[in-house]
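Before I ask anything, let me first share the structure, which is written out below as structure tokens.
We just call them A, B, C, D, E and F in the order they show up, numbering each chain from 1.
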């Protein structure tokens, strides 16, 4: 095996994927009630179109698109609306949501199935993907149709399917590639067709050799990648696979590339082929804080507690519950929150795994600089942010930070580097808005 | 234009008054300063040559071609001949050696006998680091020049017999080198009797 | 005669005159040339951009010592004019001149009412935590993680970003977990207001000793659950206020400082203690012999503390009176005074 | 003043006496002024602007350049006035007053000329010029050159080197102070006190150059 | 009395060195010994008093536009006077103060007082102010010179205070340039702490 | 349902790397131990005493200043003061009085470190600034006090402080004058060939140089059988420690390599008596270059964080070291060169910010 492709910088957190990597995906039936967030994706929340007491069928639109970067919301179950109000969410303190009493899990096919997608124009396909509310399943939940509608002056030549799954612990994508390769490949074909891309490839980290092999057998061009965090970040993936650098402040489409998660490809396939909107997702429930880690196929809106229960419940020393992976995921204080489309994992860490370092002063060791995948100097940006010198933080490239958390991870002083930088990003954006 | 002229004139007036005042004070203090300077030199000359005799006479000596190693002051080395006030016998010379020290030009008054042996040295002026280079003024250090001959007159590091002031090699070197160079210049002109040839 | 004098002078003081005339000549000439040059320069340089800066420069020493951190007085003047430098940045001039500079820069906003920063939250340790927060101990940071650890989404997080921000050391973290503002040191600069990510610090007239120490817009029950001293929007204060200074919107009471008379009735009515009354001891109304018994005060008194026969000297029930002073202003014969607790500043004025 | 007189005066200056420029001596002057006897760190000249204008790197660079420029010009002016006017007329006691007048007017003049003919340069350097009038480094330079009996050439070299030394110290200090903006300096030491301590540390480090070129 | 106030403010409240950071160059350069500090202090006091006096006298006569050059000339004149007198009557001191005597001209404190105070105040007040500033400057110099001389030479005003052993092996750095800076830094820091304490009360 | 379970909330990432400041510091301490052992072996228990005093004083000073500033005392135990203490002692001649390391450590901690805000905020290497303070304050004590590696002398191996065997040194005429000096002192004197030759006879310079560059001397220099500061004797053991640090991922190799490389290169260019005939190996092995190059140039806090900046720092420090060695007033320029480059570190950092991924540098 030759030299694996990769990017400069990065780090190697212990991946602990063995906890769940050989657990086949189990389908978790929808619980008694589901709590569907009206803000599943990046962008504006959707407007509720149902009210308390309404009967809804599975796949019915319960929230309508509002604004450009926004998606409609569909009911993952058939049942009765219990209430429409702000409820605790995994990515914010509380947000608008619809609580539905589950009565049936039948149905869901609300669009016309298109078994032969090539019979339809790319525009129609994109429109279908939008109506089906497909968004990025990698964690950021960016509406997929937006990525598929590049401005006309941008020529997209390459589609990269992201099967890297560089976040430690998470194995849902891995399982997905092993268990549903055909769905992924179909989704990939649809995406290529929609984009008119010439090349397509799939990036997979070499800690999943079985997936690489399987995909190769299926005739997919696979780029095996070095195991390194954050290999799966868009810009790093493009750099590694194609050697193209996404310009600072720019998007992958500026270098003619679109990156889509393998889970997204599957959702696309289901939306186009089966006419079913995006209602479920794969979630890895893992960590040393749960009894038996599992990979689950769950309905959006299922509470974390149900997932944990499926994984055998908590162990005694559980300390931290996380929506997502350990590097970028958001900590939760309660498990009474629902799965959203961006929930790639539910991680219960015990007190040994969970980071608990007393923050000390920066000793300028430079490890953050050496490992920053964006080649920033995180310690300096963080310093500026800590002392509220937003302007200087911006000059040092605060906005280019992808918040991957590598710097905080390697920092011997335990500095909350990425956190400070995120704060700087918020402040800079707020200041910009104020100026504009 | 009138305004400008007026301003200029006022400034001139102020300067005029200032100049008058200064000129007046200067005319009073200048002689004192001069006298003091002269006295200091005289005193220093006497000190460095005290071992040559009790009643001495000092005459400045004009020697063609006696180059001053430290040309910034004067191209000719100003040597003063020391002779017995009674007999008129030449007993030795004094001169001022200038050496670039650490932070100033160190001036050393040197007294030599007519054979070129140093009979006394004293620092006339220095602005060296207090506690380090400034210690050159102190007897234990400057006193060691007494009795030294030209070739011995450099710091030990350079192969001479002068112990450096600890931590102030530059000052030590400045003094000893400037003294030696002055002596060498005098030797060139055959000012010394016997012995001290190249 | 004069001729003789000149001769004598020139003969006797020949050397002296020489010693003086020469420098005078040289220096005078140099100075004249330079003076002309400088004056010319001053004229040429008359093209100034900012008249404000120029005015400020007038007050500056012109020594260009650089002590202010700017390259020279003109640069400093410009910086002041642009608001980049503080008017008292010059180390050389005294405070009187600083004032003039400030005035020239138009920065001095002479405040008629002294204001101080107040924290609109009484929660602190009385407010429950929803979770344990692990991160940089700053409010702004905690804010990023689910809006901070407090159950109440409006309340003070207690990490003291405001304490850090205060340039005058006027804020410290109190024992109750809520920042405490030192009224004396506070200059109402507003840094803490900007620093508070919850936006619960407000500049408030220093004279107003009664205020609502809560910012929660949650419904009563929710708010109460999160914090024992939350405003639950019960409107008791609204009703109690004799001067209609309180309004309740979004389950939160608000006092209009203009109208408030510091009577403290609202605070006594408040069931949760969300209204703070800082008056140490209240005066009491006292009706003197000028009273004609018109009973206007009886009408006006919100507490029914005044009683008396018509056309007779009325009396104040000292138990009931809270020293609100409403009657004082309404008494047609100026017969009512506030007495006791004289340290209380309202009664002095 | 005629050109020939000037030439004569320059030629008569001591340093040209030895015939040709003494490279070693020049090196000694240059290294001495930049490193060993750095005006700020060792001679305590120009402390005020050093403390004042070292808050930001940009202004430090501008100030440094302006100082080098004015220092050279002032040295030229003062040297000529001293040796061609004051010495012949035996008015050397007027040097202080004469020098300060020359420096003050020179600065004004330069400022005027710059503003008129090179606005770009003016905006880069000009704003620092007023600050230089009362910079004791300039007057100190003029007086030192007389005290050290430097010739015109040496004086100019000395002036440029000292200016570079000043700039070096200023720029280093500015860099450090910018970094300290985001450091946890004890409150009591923030501002001037820590700046002094840094200056002391710098001065200590510059001891390493002791003896260079000597 | 008001005059006393004008005088006293220079000693602590508006001390030119510690509060206004003026006149740093001579302040640091000549404070290697208390004796030098006294000499420099006296010289500076003389100049600031005289220049304050004269500027105040002439304040109505000097046009604004040439006031700075005029002040400089006035100050330079007094400095030269001090220079000459000191050279004549205290040559040893003159030598050890060296170049810093002419440099009194560019001591911002003096020009600062001329411009900042004498320029707009009566003669008597200006005299008091100048005297106060001069004394404040001198006291400040004596303070730091005491530290430096005692630590760096083991003596105070040339009197051995820390014993012979220390005198032979003093902390030399105190009288060297770095020591001046560092000691000054810590003195200023101490003043800050004192200020804080005072404000805290 | 059971009662709701609440979890702690923290900012991401939620897992931690294996290094901590304390581990880093104690790794450095471990790496310095072999050299300390060598020092004790060569200079006797006194070396150990000095190191202990230095470390003790550093800890006390750290504790006192933290107490005074009312900051968390826990920082005392982060190990950085111990490193400073050891490094300071390593830079002292072995025969200094006991109070020297105490004074130096106190200065290093209070002035060079805590005044700037403590660990991570200091601009200059505290140990080196402490040493510079000592050299400036007590020049006599700090420039004398060399002792020949005692153990060997007692057993009659005839070694001198210069590492040149006694017999060999005796062959050089008038060499008695230089027996008390370290190799660098001697090297320094050979730069003035004229004086050297006139004093000790024609060709003495070459003879001395040859002795210095002989294989035996190299070996002595490398093993540490020479006079010098406590910690700089054994290049071998220092190297061993450095390798440990590299293995632990604590030592970043750019700094030491660029520094040592520059010293070697310039040692060849002008480290000899003429141009391009110097002895690179000698210059690297002699004096404190190895100690400085491995443990001080690479002090994280006071050196640049950017990759390019580190190379610049190393090259700059090497350049200054060699300039001071060749032309300066001190025999060794290592510590001053590092201090001087420390001063420039903020500027280097500022101008060597790496190109952000995808960033297009504006040209012109």
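Definition applied: contacts are C-beta pairs under 8 Å (C-beta built on N, C-alpha and C of every residue); 3 or more make two chains touch, one makes a residue touch a chain.
This is a predicted model, so every value here is computed, not measured.
Common neighbours of subunit A and subunit B, listed by label, are C, D, F. Number of steps on the shortest path from subunit B to subunit E, with steps defined by chain touch: 1. With steps allowed only between chains in touch, the distance from subunit A over to subunit D comes to 1. Using the mean of the Cα atoms as each chain's centre, the chain most removed from subunit C is B.
Each chain gets a centre from the mean of its Cα atoms; the one farthest from the centre of subunit A is B.
Chains A-F form the pair joined by the most contacting C-beta pairs. Taking each chain's centre as the average of its CA atoms, subunit B and subunit F sit 43 Å apart. Note on chain placement: the centre of subunit D and the centre of subunit F lie 35 Å apart, centres being C-alpha means.
Centre-to-centre separation between subunit A and subunit C, using Cα means, comes to 49 Å. Each of the following residues of subunit A touches two or more other chains: 330-334, 356, 361, 386, 416, 419. Taken residue by residue, subunit D touches two or more other chains at 42-43, 48, 51, 93-94, 97, 101, 104-105, 133-134, 184, 186, 189, 194, 197, 200-201, 204, 207, 210-211, 214, whereas all remaining positions touch fewer. Multi-chain contact residues of subunit C (touching two or more other chains): 22-23, 26-27, 30-31, 34-35, 38-39, 42, 63, 65, 67, 130-132, 134-136, 141, 144-146.
Contact topology of the protein chains: irregular, matching none of line, ring, star or complete.
The full set of touching chain pairs reads A-C, A-D, A-F, B-C, B-D, B-E, B-F, C-D, C-E, C-F, D-E, D-F, E-F. The touching residues of subunit C, counted against subunit A in their complex, run 130-132, 134-136, 140-141, 144-147, 153.
Put simply, subunit B touches subunit D in their complex at residues 15, 18-19, 22, 26, 30, 71-75, 100, 102-105, 169-170, 173. Residues 14, 19-22, 65-69, 73, 108, 111-112, 115-117, 196, 199-200 of subunit E are the ones touching subunit C in the complex. Contact residues of subunit F toward subunit C in the complex are 6-11. By the touch criterion stated above, subunit E contacts subunit D in their complex at residues 21-22, 24-26, 28-29, 68-69, 72-73, 76-77, 79-80, 83-84, 98-99, 102-103, 105-108, 111, 173, 176-182, 184-186, 188-190, 192-193, 196.
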